[in-house]
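In the two assemblies presented below, chain A is common to both, partnered first by chain B and then by chain C.
Our next item is the complex of A and B:
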């Protein structure tokens, strides 16, 4: 039925891999990892500067490095990688040709030129305005222009993804609904369109302002619309890395979702409710009503949080069900003990699930509670929270799936198997440490984006409590751990792609890297038949109790500060 | 057990398992609890941020703060002689943020309420009252008015926690709360 197109049949999964999609996946993934390396090293410099005993950079370079770290990691690394995921989830999983590959390349080059332009602007030193570039602080015009070009390129790539879905449907390359992972990618792509539109609405006028064509830009309007970009871009990550969790679980242990309806319903909730919540960042701003804040910050009535809690049950649940089906039925946690912990794709995915939920998720809800935000706004707590979501959650999930992308798409065996095995744990531990310690320091009031917590040059002195200094020192130690984990990842991936043994059909048979039938599972349908999952019930119960306790402890803290009205 | 294998069903017609229904219900109810906790705190909580704000030009705000300082200054503090201003209990208190200082220093009485006016003369700043840990975003062109009731005496610092350029880390203000 399907029309012919240039492709190969993957000897591991049996899926048809469109040559154009394959080349674009490679290009986007490689560039993503280069930006991860650059942004990660800037991050190390930031953490070492905030380690009071080390304090490595002078103030101007610190603010420069912090701007570069934010842009390279939060935008360029993640979005390049997500574009690769979109092409994989459309063309590869649907056994289809990629729509308009030329536009795919146009998008790629626009994104690359834009990202390089923004990096050059930051490195020239005139654009140390932070990732958020709040007006009226002004960056060089090519900083904004770079971001705009990048966004246009990303938008083109997203439409190539949508086009591929249309092609697949038209050419009937799949039956029934699209697979769950593709469904998750659709959620990410829809949120991406909203995000990029918000970015265009605010960055185009800001660019015009930077070259003197328009007058002032209102600071509150800027923050409101910019966070439609800034917060929502992180919501693309949530939808994308949840899709990645399902994909890895399917490929490594053959898991199916517990129920397609529940998982897909949760993705629909993401589409409907995740894109609001720019108010998370405006809870202490003047001139915005509490009604708006309460509604917006809670994604209506926490309906997007509901979706994440659903995935928080259904992902470990799917893993438990698959493991039990595979014969690991002993006790409550036999399935977990016998999981493939030496497989970096699995271990990275599982650590990402746990840390995204416990660290990033719970802290995010607390931080986004209207009144509780008073205790934490612009402190390091915010930074700790989003390292829990973006470093320990998204980045670790993307690293994990890279361990499958290298053999499956690049057709190379991984080198340094011992490093691969330990890398997710090392990076995960580092990311966990920096998240928790920054949240701790933030609870003690330490400001984010701040060069000198000793205030040695200030006219009026102030000392943060000694515990805050200890935490910032430990934060530096964990940042070094995360960096070592990051370097190991880069060495393994770049090394494997350059000098790894080619993976041929013979190795695919003798040394399978994916679960038998995993290719059919990830591109197929259907949930688990039985749902006796005592391990998952225990996990979600612990999660729920931690969530409730931590939430109300913070209200207790709030009730102790000065009365305000 | 269904007769047809799950692969052949339409996903939106799949039945839900009991465990799924329970977890979704718990999560939904918890969302309601968290939502209404925010609403409840507006009714019965002591710590709510004011929604009172006015548009004002930086010059006009600077003029108001200077008039306030001229009227109520009681002494000077620090190497640069920053005025310490003691507003009448229950009255208006003003503090402005600019590159890179909070001005003036305030002296408030414990247990009294003040209408605190905050605005910026230039860029965004962050009013971070330490060690109380109250953090508020301060914009230029917007004057935010909130009622504060200091409930413990001591020396409080106002750290700027919104990045405002190369001198950001030197921007520290002060509030005295006296018995």
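Our next item is the complex of A and C:
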């Protein structure tokens, strides 16, 4: 039995939008984008310092910028935005009220205070411990306290999400199972609980150590538990951005998953197995057995990899099926040629799918193989890999859905339509470039965290191959491109929210931004129920060939490290 | 292969509420059971197993 609550009916989607959820979505999305801007600026400074010919920052400021970039992008930007997604996927898609909005605001303020506190600590210069903050390096106490407050706030927000699921179930605001996009958000929320719990387990004692109440933190235990936070937080992204892919495909071209059951099964594999990928950061740590390493990074994680491959086929497959249903049936790739490439929500989503799979996905499997990991552990390859997942995959997907959030939730028309159209391509190209070039430099051995790849102040000189210097120069160029794309995004979003034309019911009718029936598709059930997808089969075949070739090329590299004959 | 669409789902639920829900469906429809699975699996295979490995390292003399 549905109860009445303060809401509006979205003229574009027909969905009920709970006013409390709407306000919290706006607040979390706005703060997320502010941290994206701050973190992106620090990222540019890092890339310009790694550009050998520019080398803009001295060592102390480089490590300060690297710490701020890591925390602002890998934690604050993505988790604020993911909380906005959780509120949208629960209250809005389930047509119900948000549970305990006051707790939602409590969570929001704790997250904001915590994020600001951590940033202040970093900017004061006494907490340049980088995102990983490995002990025995010690940051200022308020750095750890800020992270703890942020984690507590995020945990509260996640339980407001679970509470909203309970409200919707009790008030019977939906039929059958929750929609697939909401199920994807459930997967993200569950991974978030494990992530935040891991953070609490290790950061609370580390905070006590920083104020002198605990004498020592075991470095190996710290690394083990911290990566339950550090890497699993990026697995929240994976579940969340896959849910975003399905949402954008439904809203822009009316697509349904190929098989809802199979896609749900893939999310279930994420829930059970994705967080254990944290172990690949420990593959060279002494004292931990190969059984632990191989089980967690190979055998069991392949179930999560399987899930990503299912989504990687299901999303383009669903797009192809919908496009063919919409009349674009010509040839193998007519559906792709006639896709709405001028719609930044669609283009950003599709680029995110392709780059997450080809760049972030394949390199992740290679890095997660114990033997191959030895080739590039702690090199810039790792940094390249997670720019393929977090920048090209998650950030681009979140940017893409923001182009729908502004008109649908903020009720504002987008300004600078030409910028909107090109922004995903520019940012996507920049993110692709920095990912590939850092992976290339990492393959040549360039260290992940070192300020100066020339080792100019080292007692014993060492030279990386000239190709590595070229790659880091090009990395700087692509970082500038990505920054321009990022600035365009910020200008468009902030400008649209502040001075964009209000979007009313008339505009929703005369200038629709949602595919007809898209609102019902995203909140409903059903699949495309076809496997006649020659274009997707071709794309997936190309992916598998690339995957296999790249995987075995790395085994070939490994065999050359220690020649036995 | 065909998935039920919205209309079919309404028809099914109207046909009888006592229709048996498949076990896998029951698991997937219970977010708190999923929460338990999602926390227990990595806690056992990653965190606890890892800490046991570290705890078993002999202390240097």
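Here, the second predicted complex is superposed on the first by the 559 of 565 C-alpha atoms of A that agree within 3 Å, B and C clash if a C-alpha of one lies under 4 Å from a C-alpha of the other, contacts with A are read in each partner's own complex, and residues count from 1 in each chain.
Definition applied: a residue touches a chain if its C-beta (ideal position, glycine included) is under 8 Å from a C-beta of that chain, and two chains touch if they have at least 3 such contacts.
Please read these numbers as outputs of a predicted model, since none were measured by experiment.
Trainee: Let me test your reading of the model: by the given contact rule, A:225 touches which partner, first (chain B), second (chain C), both or neither?
Mentor: So A:225 only meets chain C here.
Trainee: Between chain B (first) and chain C (second), which does A:197 come into contact with in this model arrangement: first, second, both, or neither?
Mentor: second
Trainee: Looking at the overlay, does A:60 come into contact with chain B only (first), chain C only (second), both, or neither?
Mentor: first
Trainee: Scan A:551 for contacts with chain B and chain C and give back first, second, both or neither.
Mentor: In the superposition, A:551 contacts chain B only.
Trainee: Once chain A of both complexes is superposed, is A:413 in touch with chain B (first), chain C (second), both, or neither?
Mentor: Once the two structures are laid over each other on A, A:413 reaches no partner at all.
Trainee: Could you say whether A:261 touches chain B, chain C, both of them, or neither, answering first, second, both or neither?
Mentor: After superposition on chain A, A:261 lies in contact with both partners, chain B and chain C.
Trainee: Tell me the contact category for A:462 with respect to chain B and chain C: first, second, both or neither.
Mentor: In the superposition, A:462 contacts chain B only.
Trainee: Would you check which partner chain A:375 touches, where first means chain B only, second means chain C only, and both and neither mean what they say?
Mentor: Once the two structures are laid over each other on A, A:375 reaches chain B alone.
Trainee: Report for A:525: first if it touches chain B alone, second if chain C alone, otherwise both or neither.
Mentor: In the superposed model, A:525 contacts both chain B and chain C.
Trainee: Looking only at contacts as defined up top, I'd like to know whether chain B or chain C touches more of chain A.
Mentor: B
Trainee: Considering only the contact definition stated at the top, list the common interface residues of chain A for chain B and chain C.
Mentor: After superposing on chain A, chain A residues 176-177, 218, 220, 259-261, 264, 282, 287-289, 524-527, 529, 531 contact both chain B and chain C.
Trainee: Per the contact definition, I'd like the list of chain C residues that touch chain A in the complex.
Mentor: Spelled out, the residues of chain C in touch with chain A are 1-6, 9-10, 13, 25, 27-29, 31-32, 34-35, 37-39, 41-43, 45-47, 49-51, 53-54, 57.
Trainee: Help me check something: in the complex, which residues belonging to chain A touch chain C?
Mentor: 162, 165, 175-178, 183, 186-187, 190-191, 193-194, 197-198, 201, 218, 220-221, 224-225, 228, 232, 256, 259-261, 264, 268, 271-273, 275-276, 278-279, 282, 287-289, 292, 295-296, 300, 520, 524-527, 529, 531
Trainee: State the interface residues of chain B toward chain A in the complex, per the touch definition above.
Mentor: Per the touch definition, chain B meets chain A at residues 1-2, 5-14, 16-20, 23-24, 26-28, 30-32, 34-35, 37-39, 41-42, 45-51, 53, 77-80, 82, 101, 105, 113, 118, 122-124, 126, 128-144, 146-152, 157, 159-166, 168-174.
Trainee: Applying the document's contact rule, which stretches of chain A touch chain B when the two form their complex?
Mentor: For this pair, the touching residues of chain A are 59-60, 63, 130, 134, 136-137, 176-177, 218-220, 258-262, 264, 282-290, 294, 298, 301-303, 305-306, 309-310, 313-314, 317, 365, 369-371, 373-379, 443-445, 447-452, 455, 457-462, 464-465, 524-527, 529, 531, 533, 537, 540, 544, 547-548, 551, 555, 558-559, 561-565.
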